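First comes the structure, then the notes that go with it.
All chains are identified by letter, namely A, B, C, D, E and F, in their written order; residue positions are counted from 1 within each chain.
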Amino acid sequence: MKEIRAIVRLEKVRDILDALEDSGHPGVSVERIEGHGRQTGLVEQFRGREFKVDLLPKARLNIVCADEEVDKLVNTIVDNAKTGAIGDGKIFVYPVENALRIRTGEVGQEAI
Amino acid sequence: MLRRILFLGFLAMLLLAMVAGAWAAAPDPTGAATLKADPGKAVDYVWVLVCGFLVMFMQAGFACVESGFCRAKNVTNLMTKNLLDFVVGSLAFWAVGFGIIMGTDWGGLIGSSKFFLAGDSYDVETYLSFFWQLVFAATAATIVSGAVAERLKFKAYLVYSAVICLFIYPVYAHWVWGSGWLSKLPFGLGHLDFAGSGVVHAVGGFVGLAGAIVLGPRYGKFGKDGKPRAIPGHSISLAALGTFILWFGWFGFNPGSTFSAHQLRISVIAVNTTMCAASASLTALLLVLGKTGKYDLGMALNGALAGLVAVTAPCAWISSWAAVVIGIVAGFLVVGGVYFLEALKIDDPVGAVSVHGFNGVWGLLAVGIFADGTYGNYATKAPFVEGLLFGGAGAGQFMAQLIGAVVVIAWAFGCGLILFKVLDAVLGVRVDPHEELQGLDIVEHGTPGYPEFYITRS
Amino acid sequence: MLRRILFLGFLAMLLLAMVAGAWAAAPDPTGAATLKADPGKAVDYVWVLVCGFLVMFMQAGFACVESGFCRAKNVTNLMTKNLLDFVVGSLAFWAVGFGIIMGTDWGGLIGSSKFFLAGDSYDVETYLSFFWQLVFAATAATIVSGAVAERLKFKAYLVYSAVICLFIYPVYAHWVWGSGWLSKLPFGLGHLDFAGSGVVHAVGGFVGLAGAIVLGPRYGKFGKDGKPRAIPGHSISLAALGTFILWFGWFGFNPGSTFSAHQLRISVIAVNTTMCAASASLTALLLVLGKTGKYDLGMALNGALAGLVAVTAPCAWISSWAAVVIGIVAGFLVVGGVYFLEALKIDDPVGAVSVHGFNGVWGLLAVGIFADGTYGNYATKAPFVEGLLFGGAGAGQFMAQLIGAVVVIAWAFGCGLILFKVLDAVLGVRVDPHEELQGLDIVEHGTPGYPEFYITRS
Amino acid sequence: MLRRILFLGFLAMLLLAMVAGAWAAAPDPTGAATLKADPGKAVDYVWVLVCGFLVMFMQAGFACVESGFCRAKNVTNLMTKNLLDFVVGSLAFWAVGFGIIMGTDWGGLIGSSKFFLAGDSYDVETYLSFFWQLVFAATAATIVSGAVAERLKFKAYLVYSAVICLFIYPVYAHWVWGSGWLSKLPFGLGHLDFAGSGVVHAVGGFVGLAGAIVLGPRYGKFGKDGKPRAIPGHSISLAALGTFILWFGWFGFNPGSTFSAHQLRISVIAVNTTMCAASASLTALLLVLGKTGKYDLGMALNGALAGLVAVTAPCAWISSWAAVVIGIVAGFLVVGGVYFLEALKIDDPVGAVSVHGFNGVWGLLAVGIFADGTYGNYATKAPFVEGLLFGGAGAGQFMAQLIGAVVVIAWAFGCGLILFKVLDAVLGVRVDPHEELQGLDIVEHGTPGYPEFYITRS
Amino acid sequence: MKEIRAIVRLEKVRDILDALEDSGHPGVSVERIEGHGRQTGLVEQFRGREFKVDLLPKARLNIVCADEEVDKLVNTIVDNAKTGAIGDGKIFVYPVENALRIRTGEVGQEAI
Amino acid sequence: MKEIRAIVRLEKVRDILDALEDSGHPGVSVERIEGHGRQTGLVEQFRGREFKVDLLPKARLNIVCADEEVDKLVNTIVDNAKTGAIGDGKIFVYPVENALRIRTGEVGQEAI
């Protein structure tokens, strides 16, 4: 079992979720984070004084899936998250040891 | 560029004003003579000013309703627009607009004096009239910001604010309130609009409609299948507070339009205003309840405002049961209007067109139907205003109202279309798609509305 | 079902009104005759209307205080309730309520004419009186929404709003202000309540208490051990703003209750109103400071409102030092009341019962103690109102106040209990536990208050 | 300790008041005689009271602006300060302050009667005057909370609130408005300040400056390199709403300062107030636009307030073009002031010093420049007020204004410095660094402003 | 060392935390997320127009613990998170390589 | 590849980010969480009634980095997050299997 964590632009979440729905509709958790990588932030101002904000808002999608699903899902995400401009985000893949569905008590693959 | 033009225009205006001011041979700047001539003026001034203050406070109401009904990423933008339309509009109205409404009539079409409140205008009566007309003009101006919300460039809005207060609003207001041609139509008592369902609200609403059409819908308002999608506002409490403020301010708008405390009918106007708002709000709530099974606050708020708009023209010529009936129709109109515009793929983020445009027109017609013949035109004496349901003069009055309604739609929508088309050609009216997604707050103002809160922007 | 009933009721009301309106033989709908008879009326109308507008604006204050003191998941619900009680209440009060207060007296118990403002009621004086009574009735109605917040079904609230404005409030108001039996008690000058500590606030407060009892506490208000738990409100800034708005509106409520600008005592009333609110707020702040060592804003806000409620009955019959003393007691009462209700396991989410109920009663008694004998009952002439501390008539007046206080508690609490019990049997008054947890906004209205913000709902 | 002192002080005040009240031989507590002597008083009372209510409502505006411009972690604190300065200030002003302004003059320096509104003060005229002066004093008091926001200990603020309303404000107000020495300067008509640019705003602004200096900047306001950093406010919508409320309230502040509805000049004052605010706001917006290329709402809001402050002194003695010019200067001043204070490493979180302090002084000078000689000092008769640009008396008047300006700066800044220094020695004025980081809401009040929202506190 | 991440109903957080307090009071981090699995969302409306919200608010509890504690803690969570209705949530278990307490510098087991 | 997750005081985030900028400026994601460990919460009050809040707001910084970078980054964080008082927070290290930069499609080390 693996977990895919995709950090993407907030405005792309809708499209990605729609696309995921077509590729098997996996369970997903979405979080609001802030971050920076190559993208270096933007300038805001308040009562005439400018300042640099270096953390930008992003969304993170977490999907736990079977090992063999990873590639397909990652591709789906990449296709829908990409604009080509700096700040498109990253995807990380992590090992997961077990899963459990609280409602039924199912564990492992069954529970994803 | 724009900055420089704005600044120079601003300075030029001033110079003109100072020069003009130099000639000043002020008839009664202290008011002592005016008071002597009519000691009753003191209470009239108190009444008109206090009502005018309430109308000015409606700016806060519009600001809250529009911001609350839009997304958090555009709050700074909406607040800036709501402040600056009053600011720029005041200056424009002072320089030119007021003179067009109330200056010496020129062929029934336009007024042509009192610019910059200069010369003879340094007079308590003129200033009083100016203050009253100003807060009305600013109301018309601010209505539009709702219809064009979340996608109009700020500098285009600045120019728009000046133009509506310089020209679009004053010309039409002159026709109705400045002894222009509409007030002299040979039907009934001429076209009548007690407190401005047409002059203020329909003008604002139809200029807004033009703006919404020229701009096109917000990104995401219509799905790929063309179906309308809801874009919920970020703060229901702000929108509700704004509606309460507007309702409160409307007690200045309508009863204050007697422009005199010596017409005790002000109590009737206050009651009618309340009853129409109440019945419209309840109707709107029940209609949506019938459709979705839920008690929709957003539509109930829109409904209350729709009732207030609709009763604005007839409020002084009807009794309470008519106000309730007018409100029921207003409730149907606002709900129907919202769905109708969506069906036409027009995106009006806060319902401004349905509330102010459609119900403004309804208010004009309602005068021609429900006016009950007990009250004159800003007077307690005959000739009395009569609508279709009351006596023979009704048909004529209805005709006058119909003509006025057609004219206001044509004028406001026409001017609005030209204005926004020209602005689009010159400045571009719509922000970049990317900027729209990010929200106008950061792009145009650099200041997010709620920098410390976690917000899901999309 | 409910929808259909509401809608039919609404239409029926209208038909009746129109029929009634047909007879209309209007005494003075333009006000020309009234003004001629008394030219001073112009300023009285201005005064009463402006004060009435301020009272109407208190609706915004209540909406903000209640929403701010409750959780984000119930904001839409609270705002809808605060809007709709005014909307439904206005229609109900127009149809029936006003006639019960101000119609021809029937045995000292009930008024029986002027329904739908029809017939002879098309008159500036009647409309003025209606407007004033309406905004007062709506205040009483809206108080209850705080006490029953976060768990009452919306449709039950709609029915409640109609019933309080149709019947509960008007009957009691008739007894005190419509020359009913309480005003004719053979003690002192009869039961006196200048601006409505009892008529408005205690009625609202004790109906609210009944509602809170019938509903039972919110899920989580009392721990498994039975100990009360705090459920903090979602927006302190909204609650504070609401309190400022209420304080502002109270300047209409109290001074406006002279119903005349020719009683210059209005300045004294304004000062007393301020001083009592100030001393109550400071007292409440200091009391909680003594208990927890912190400066508790929530209680200071409640304290200010408690002072305003308490001074509402006596405000015209006392001087400033008495206002300060009444305020100190009000501060103790509100703090004590909050803890007391919690000890009884009654859940009043915003403190409405302590603020309006307990302090409303205190205000009635305060008249019987502090009235200083310089001012008559809405008159500058004798007989003057005297309390225990001033002269011989004090004991009688105190007795009249005590009787009124007992009656208002019995009437409001009794009617409230019956109303909510019946509603519970017919519609069910409380939402499902699951819905309560989720929040009423989505379940009843479909619209979350702040859809874009990250909120920890629990 | 503090609690006990506060409580005892509070009780002592009351006892004194009751004793004093016992002697009461009230000249005209009902107002019947006053009305008889001058029936026109009814409309004057209505005017002054309604305007006073609007001024009181400015408390809500200040609360919203200050909270909106500060961080979410200090919202409860700011709201509590804004409530309690009115509460404590009212009691202090009632006990002593009013007597210092309006009591029997003692050597041109101080008034010395009417304490506790006792004895002869039980009179409608005195109460009216008290109410008016009270809401003005409270405005001066509340200005300071912005300048010292986010770091001042709450108990120090309580003491400060009492002191400014007991002493600092009343003494200076006596000099100008209580027939004290400044009003009798042998230049022009003596020092003139129509509605209080100096008496209210400059006093508040410079006491605030002293507070900001004694406290030092907030943690993080200046980087390690000494460069100023922006600390954005948490809610732009709250700040904007607050500004609209203030603008609305200012229509009470300025036109109401005629203290009579029989000076029809009130219409001119209302117009001037609007035009000055508008031109100042636009100027501030354009200046920042020139610097950063963005439309800065925060500065436009500050700009509008700056214009309102600047026109407060001259509003009754100028015509509209002068108001526009004064506003342009005000716009420059507020923008320059904000950058200037930052350059001096003084941290004024909401811009209170630039808005109220600098522009208050500018307003005083503007009287000496632009007063156009058509209006007397609160009178429509000669002698007329003339500034440098109009006629020979201008130089003298300008001198009187200059002296007043110097005096107000010296008095307010001096008293402020002493007060905050003493408070610092006795109580400590600044919260712990750790508490400042955490926010004052939890530390001082135990109540976070928005407990359910996810907030990035830093 | 493992990390337990339990996605649960917001309204169950209080109960779960109370129960955890009784089973050893481990350190916990709580996050607010949105997600969907089997549960398909709900219908909201705005000014008369309905729309489907397919991400529902949930809470995620993260607990880093020793390997042998996992079962006990998972059981505690399940017992208190379960309602039997769709939307009860899921629990995932991940490997953790190391832990460090910032205050003291302790690492590994000691730091949990 | 590893992921460092550091739970720290909110008021320390600024300093830590500045220090990280000096040690190689790695990509970072920041989240707002609530938690408790040894630190036991605080007492708040509302309208005169006190209550205990046992979850306190914290920030979590996530950094995916090469194995050999872990120590350096952890030290940087510890140095800047430490006050010595209870509530300083913890750092956990997790295995990461893969990374991908959405914009370019780079994977593995390249993508971090």
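Definition applied: contacts are C-beta pairs under 8 Å (C-beta built on N, C-alpha and C of every residue); 3 or more make two chains touch, one makes a residue touch a chain.
Keep in mind that what you see is a predicted model, and the values were worked out from it rather than measured.
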Query: Which chains does chain C share as contact partners with chain E?
result: B, F
Message: Among A-B, B-E or C-F, which pair gives essentially the same interface as C-E, with more than half of the residue-number contact pairs in common?
response: A-B
Message: Please tell me the distance, in whole Å, between the geometric centres of chain B and chain C computed from their C-alpha atoms.
response: 33
- prompt: So what's the Cα centroid distance for chain B and chain F, whole Å?
  reply: 52
Query: For chain E and chain F, what's the span in angstrom between their mean Cα positions?
result: 18
Statement: The positions of chain B in contact with two or more other chains are 43, 46, 50, 232-233, 235, 292, 294, 296, 298, 445-448, 450-451, 453-457
Query: What are the residue numbers in chain A that touch two or more other chains?
result: 31-32, 44-46, 50, 94-95
Query: Name the touching chain pairs, would you?
result: A-B, A-D, A-E, A-F, B-C, B-D, B-E, C-D, C-E, C-F, D-F, E-F
Task: Mind listing the chain B positions that touch chain D in their complex?
output: 3, 6-7, 10, 14, 17-18, 20-21, 24, 26, 28-32, 34-35, 39, 41-43, 45-46, 48-50, 52-53, 56-57, 59-60, 63-64, 67, 75-76, 79-80, 82-84, 86-88, 90-91, 94, 116-118, 122, 124-125, 127-128, 130-131, 134, 154, 235, 238, 441, 444-454
Chain E contact footprint on chain C (complex, rising order): 437-438, 442, 445-448, 451, 454-458
- prompt: Where on chain D is chain A touching in the complex?
  reply: 69, 228-233, 288, 291-292, 294, 296, 298-299, 302, 335, 338-339, 342, 351
Task: In the complex, go through chain A and note every residue touching chain D.
output: 44-51
- line: chain D contacts chain B in the complex at 40, 43-44, 46-47, 50, 54, 71-72, 232-237, 240-241, 243-245, 247-248, 251-252, 255, 261-268, 270-271, 274-275, 277-279, 281-283, 285-286, 289-290, 292, 294-298, 300-301, 304, 319-321, 324-325, 328, 374-375, 380-381, 450, 453-457
